[in-house]
Amino acid sequence: MAQSLAKEFTKGLWAEIPPFRLVLGLCPTLAVTKSVENGIGMGLATTFVLVFSNLLISLLRNVIPTKVRIACYIVIIATFVTIVELVMQAYTYPLFLKLGIFIPLIVVNCIVLGRAEAFASKNNPVMALADGLGIGIGFTLSLASLGAVREILGAGTITIWGGSPIFDMSNWFHPFTFMVEAPGAFAALGLMLAGMNLIGKK
Amino acid sequence: MNNKKLTVSHAPFWHDGDSLFKKNLNFIIALLPAAIFGVLQFGAPALGVLALSVSCAMLWELIINAVSKRPFTIGDLDAALIGLLFGMMLPAVTPWWLVVVGTFVAIFMGKMIFGGIGASPFNPALLGMAILMLSWNMFFDFDTAYVNYDFDFTALAPLVAVKFQGAATDLFPLSALFMGREVGAVGAVFSLGLIIGGIYLILRGYARWELSVSFIAGIVITAFLFHLVNPESYAGPWFHLFSGYTMLGAFFLITDSSSSPVQRIPMLIYGLLAGFMIILMRNIGSYADGTILAILLVNVVSPLLDNIRPTALGKDMSNA
Amino acid sequence: MEFFELAIGSIFINNIILAQFLGICPFIGTSKKMETAVGMSMAVVFVMVMAGMITWSVDTFLLKALNVEYLRTLSFILVIASLVQFVEMFLKKSIPGLYAGLGIFLPLITTNCAVMGACLLNIGNEYHFTKALMSSFSYAIGFGLALILFAGVRERVNLGPVPKPLQDTSIGLVTAGIIALTFTSFRGMV
Amino acid sequence: MREMLSMIVVLTVLASVSGGLLAAVKSGTELRIEEQVLKFQKAPAIESLFSDVTNDPLKERFNLETGETTIQIFPGKMPDGSMAVAFETLGKGGYGGDIGLMVAIDMDKDQLVGARVTTHAETPGLGSRAKDDLTFVSQFNDKSLDTNLALKADNGTISAISGATVTSRAITRAAIEAQTLYNDLKPEIMKQIQ
Amino acid sequence: MIKRSFFMLSNKPRLTCDLLETDPEAPLKMDVPGLLTLLLPEPIDGKRTALIKKGDVVEKGQKLLLYENDTQYAVSPVSGTIKSIDTFTVDEVSGLRTRITIEKDDRNTEHVGYTDMPEDLSFAAQHLNQLPGAPGFDGLSRNGIQLNALVITVADTDLLSTTSQYVGTAHAAELEKGVQILKRITNLSKVYLLIPGYLLERVQFDGVTVMPASLNYPDTLPALVMKNHLDKILPAGRTPEEMGIFFIRAEAVVSLARAFEANAPVFEKCITLIDKTGARHRIEAVIGTPLSSIFSQLGIQIDEQDRIVIGGAMQGFATFTDHHPVTPDMDSILVQDKGDIIPLSDTNCINCGRCVQICPADIPVNLLVRFLQTAQYETAADKYDLESCIDCGLCAYVCTSRIALSQYIRLGKHELRKLRIDA
């Protein structure tokens, strides 16, 4: 039990880490990774939705009629998304402004609906929780690392939660602004994906 | 029976002897007049930029080949040509690291990740330039680049001047633009040299006239229409033709074979579209010289255009 | 003129895929073959315009009237999901020819964030009805244009000797990035 | 029949639970959101516009009802003793949504003190220049209120940000709306300030 | 070897067929060697009993059938003993053949011939198919073929060869006789004579419609002759016979006349041989003579890594061995020194478009090759006109990247046939 639980949790961190292995949820990945901070924020918001929707769907999996299951999933997911939206607005307003439209769009993130359909609806709540947490943290890590690459190259600094940069090479480095612009987002993700392919699955 | 080992291959057993090496060599030869002029006009730094650019491009290709364990391909001179074209698009005072990074971007992103020569749907040198210009725009400002030079002609970048001060200026006589008496990129100022090189390539069959002619036609027609509507702010077609990267584009950038269509009608549309986009970008867009992005943009359209083609012999005939 | 600028802006400059990062999953997923790209583009134009109109009406006459704007996300996704279902059923029964062409793409559209995104943008901009319609249509055209151009280039790229680790999605993303770069040409035109 | 019934029941229950939950969260966060908006969006703009006022405009803010909407007014006492007010209007028709513009008006001279962009979601690099680069908005500084604040392209007096006409136009719309609002509300504001 | 010309605005090299000398010499007769080799188009099938075996004594003119009911056969050009029967490879795509080696003996067989020579198609298919010039009667007697015109080619299809031009003009009288016989065999009255314009005056007889052939390669290929002269487009993937048009070499017609004249099969094949220096030899050798014997009689030295091309520079094939025999359809032999061989490369297509410009069938070769390289043969055929290719080889001739285009195309057609059979 504990072993399989650990397996469900860790698969999201490497073997099925989105969006590198599980090529889903590309829109927020590209849009918000201009900085590490945004990446982490988006990742955590998605994790929250993933964990709770997974948990709830798994709990209700025997109650929900098959024919309307997608509609039910959507209602559940949309509810948690709106909660995140409101809470972020209330407590982390600057971040909410930066992530903008991509917070409500978590509702159409294929990862969330995909986990609900493929995993939560077939497994017990504990497993579903582990799965959601694993995938969510994996997603957060991916966004943070992509954000780090783009922020370092594109700005020459890394700044988290305001204050002074925790990493700074802008005194000798001319920022490669391509990285923080839209084209750079695609290219950076593409090349990181290639890097992950190179490292291999295990 | 003692059999000799004969060479066995497939028909045809003749070849006209052409090769990538010869093609690229001819491109490089055709670029030389403009490159040499640039070195004479802008001095040693220009030579430095060109030399660094060519050598870095070749070195990057060599390194990438070695790392990816593919056969070495610098012998076909393609990397050298990309390097030369890239260097010719830079100002003479470009810092060394920009050349090194730029050639890497051009060779790596523009060519090698697609699988080498021919596999990339984009022109590598242009892609390198476009990414660099997006990132480090300040190094491509010709007005500040040549601030320490002492020219006997107007030391203002013509396109920038016209964009922000209007076309009613007599600072740039056509003859000066034509003869390269302007500030600009090392290899792009000498229109006459580029035209000679381009005509050489077209006559030799290495560049297609359809592309160059339609490109120039696109520029002339669009610029003429704009000029007609408002001669105060929009310069005439000849000014556009002999300033900025236009001539380099017309004969050496748009004629890059991997990224352009091969059928005649698509080639004509392709060139016209590129010319049209350039003038649009220069006159109403936010760039002073749109050549690089405009050609890159039509690169994207090229595969679609190539679907316009004649019906092959006996294709889709009823079996009568 | 204003409509024209809106259209040019939404199609080229603020292209929904290449500049706003909406609808990337179907963009990557349906661009391997030109036929699927064309099919998806048509389906998106169809659904996006209809969804734009309906969500605008729902927002104006229901959510705003009842002062429950916080239910926007929930109601929009339900509207889009049921719209897609309905369109699918309708096409299957009434226009089988069109259904054969678009059918397989319709279910994918529910999770196409471009549709939802365009609806949210319309509301955010407080467009009136015609403008919302126009903007949905332009975004959809921009989506189709980017998708079809990308499919053309991608077909060519995939036929080439792309190094193993870069194959498929990876090189596709890089190519998309370069196309996004070329679309910066249109900057400043409106 | 039973299946149908269970479908309807489950969906209805889910939807109502969801609605109730959301309503609860919404009411729980409403005040806090308002505070945040004030703190992060309006405060910086007001501080920048009223850099040398002698009072605290944020504290002295008050609400005015106009038709169906409510606007927040921030009064400021200029160093020369004249009264000014700042309030926010929304410019419709940007690419990424409304563009919020905080406009400050000197009530004695009936002229603009200045304007600052508060919220936007425009394409990075272009539209965002409107906020970070003050050259565009500083065109509004000290403009008299009878000036036509439209873009030059629309026969006004403001030059557009090169390459971002749509964004610029949205901002001028906000400014023009501020003009009309001010003209309508001036007597009320005067009353409130007194 | 024709090099790329210095100025090439049109990008199209002009490849013209070789002209016949104004006063051509008679061919040099090659001695008949002691050992001859015959090729049968099908490989040995171990499960069936062969009709012939090692040690069998054969007569000159004897028809050699491998198995009962075979349609393909060889005709022994000498009397002698079968020394061996083994499998032989011509090239990769055309597959395996059976090779029969015969040791000549000294029996006088001058008068072995046919007892009865009816002028009909089935006799021609059963006995005259291996005449010099390879008439291909067997293809005509197949079911479902409705012939309506004959085209006799005095023009050579490939570059360098002047065999057809020579035989057609030097033996014009026999050609005329052959045409009459051919008309009776095939029951056709519509006969065209494809002949280069400058040779027109040397061949003059009635009963045929003269078509002046262009000397530009590849205008003499059947598909293009049909298009330019007969106003008929050959549908992709079909043969001229299937469309009712029968192409036959002038040499085959001449051989036909000689066979009926002698009441016996004939074996002397006329060949144009180009040596390493580019010099042209016209020779006459008995079918079955190994090339090595010809080379030694002419004093041509073959070294390792040299290339022997049979059947023309653009469309022929390179043989594995200099013991390859003279066959009825062998119009030319080209010997290339290893130093003159331009190697192919595995570089990608750079989309220069020269192949597209030169392709006489308007195929988008630049796109086609990408699909062939990734083994998508069905797409290549459905969308990129694989089957329209007439195998002229010009695309590979001009390819800047030196891709083996013709090889990809031929392989593609081969794989496509296999796919279609499996389906």
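Chains here go by letter, A, B, C, D and E, matching the order in which they are written, and residues are numbered from 1 within each.
The rule we apply is simple: contacts are C-beta pairs under 8 Å (C-beta built on N, C-alpha and C of every residue); 3 or more make two chains touch, one makes a residue touch a chain.
If you're wondering where the values come from, they're calculated on a predicted model, not measured in any experiment.
Asker: How short can a chain-to-chain path be from chain D to chain E, counted in steps between touching chains?
Answerer: 2
Asker: Count how many hops through touching chains it takes, at the least, to reach chain C starting from chain B.
Answerer: Step count on the best path from chain B to chain C: 1.
Asker: Among the chain pairs here, which one is joined by the most contacts?
Answerer: If you count contacting C-beta pairs, the leading pair is B-E.
Asker: So, comparing C-alpha centroids, which chain is the farthest one from chain E?
Answerer: For chain E, the chain whose C-alpha mean is farthest off is D.
Asker: Nearest whole angstrom, what separates the Cα centre of chain A from the Cα centre of chain D?
Answerer: Chain A and chain D have C-alpha centres separated by 32 Å.
Asker: Taking each chain's centre as its mean C-alpha position, how far apart are chain A and chain B in Å?
Answerer: The separation of the two C-alpha centroids amounts to 41 Å.
Asker: Between chain C and chain E, tell me the centre distance in angstrom, where each centre is the average of that chain's C-alpha atoms.
Answerer: A distance of 58 Å separates the two centres.
Asker: Please tell me the distance, in whole Å, between the geometric centres of chain A and chain E computed from their C-alpha atoms.
Answerer: One centre to the other, that is 67 Å.
Asker: Give me the residue numbers in chain D that touch at least two other chains, ranges are fine.
Answerer: 18, 22, 26, 96-97, 121, 126, 162-163
Asker: What are the residues of chain B that contact at least two other chains?
Answerer: Chain B, residues with two or more chain partners: 109, 113, 115-116, 118-119, 131, 134, 285-286.
Asker: Which residues does chain A have that touch at least 2 chains other than itself?
Answerer: Expected reply: 71, 75, 78-79, 82, 86, 101, 181-183, 187, 191, 194.
Asker: In the complex, go through chain B and note every residue touching chain E.
Answerer: 1, 3-20, 23, 73, 76, 115-119, 202-205, 208-209, 257-263, 306, 309-319
Asker: Contact residues on chain B for chain C in the complex?
Answerer: Contacts found on chain B: 68, 70, 109, 112-116, 118-122, 127, 130-131, 134, 277, 280-281, 284-287, 290, 293-294, 296-297, 299-301, 303-304.
Asker: Which part of chain C faces chain A closely enough to touch in the complex?
Answerer: 18-25, 28, 70-74, 77-78, 81-82, 110-113, 116-117, 120-121, 124, 164-166, 169-178, 180-181, 184
Asker: Which residues of chain B touch chain A once you look at their complex with the stated criterion?
Answerer: Counting only chain B, the residues touching chain A are 101, 109, 113, 131, 134-136.
Asker: For a test of understanding, state which residues of chain C touch chain E in their complex under the given definition.
Answerer: Residues 156, 159-161.
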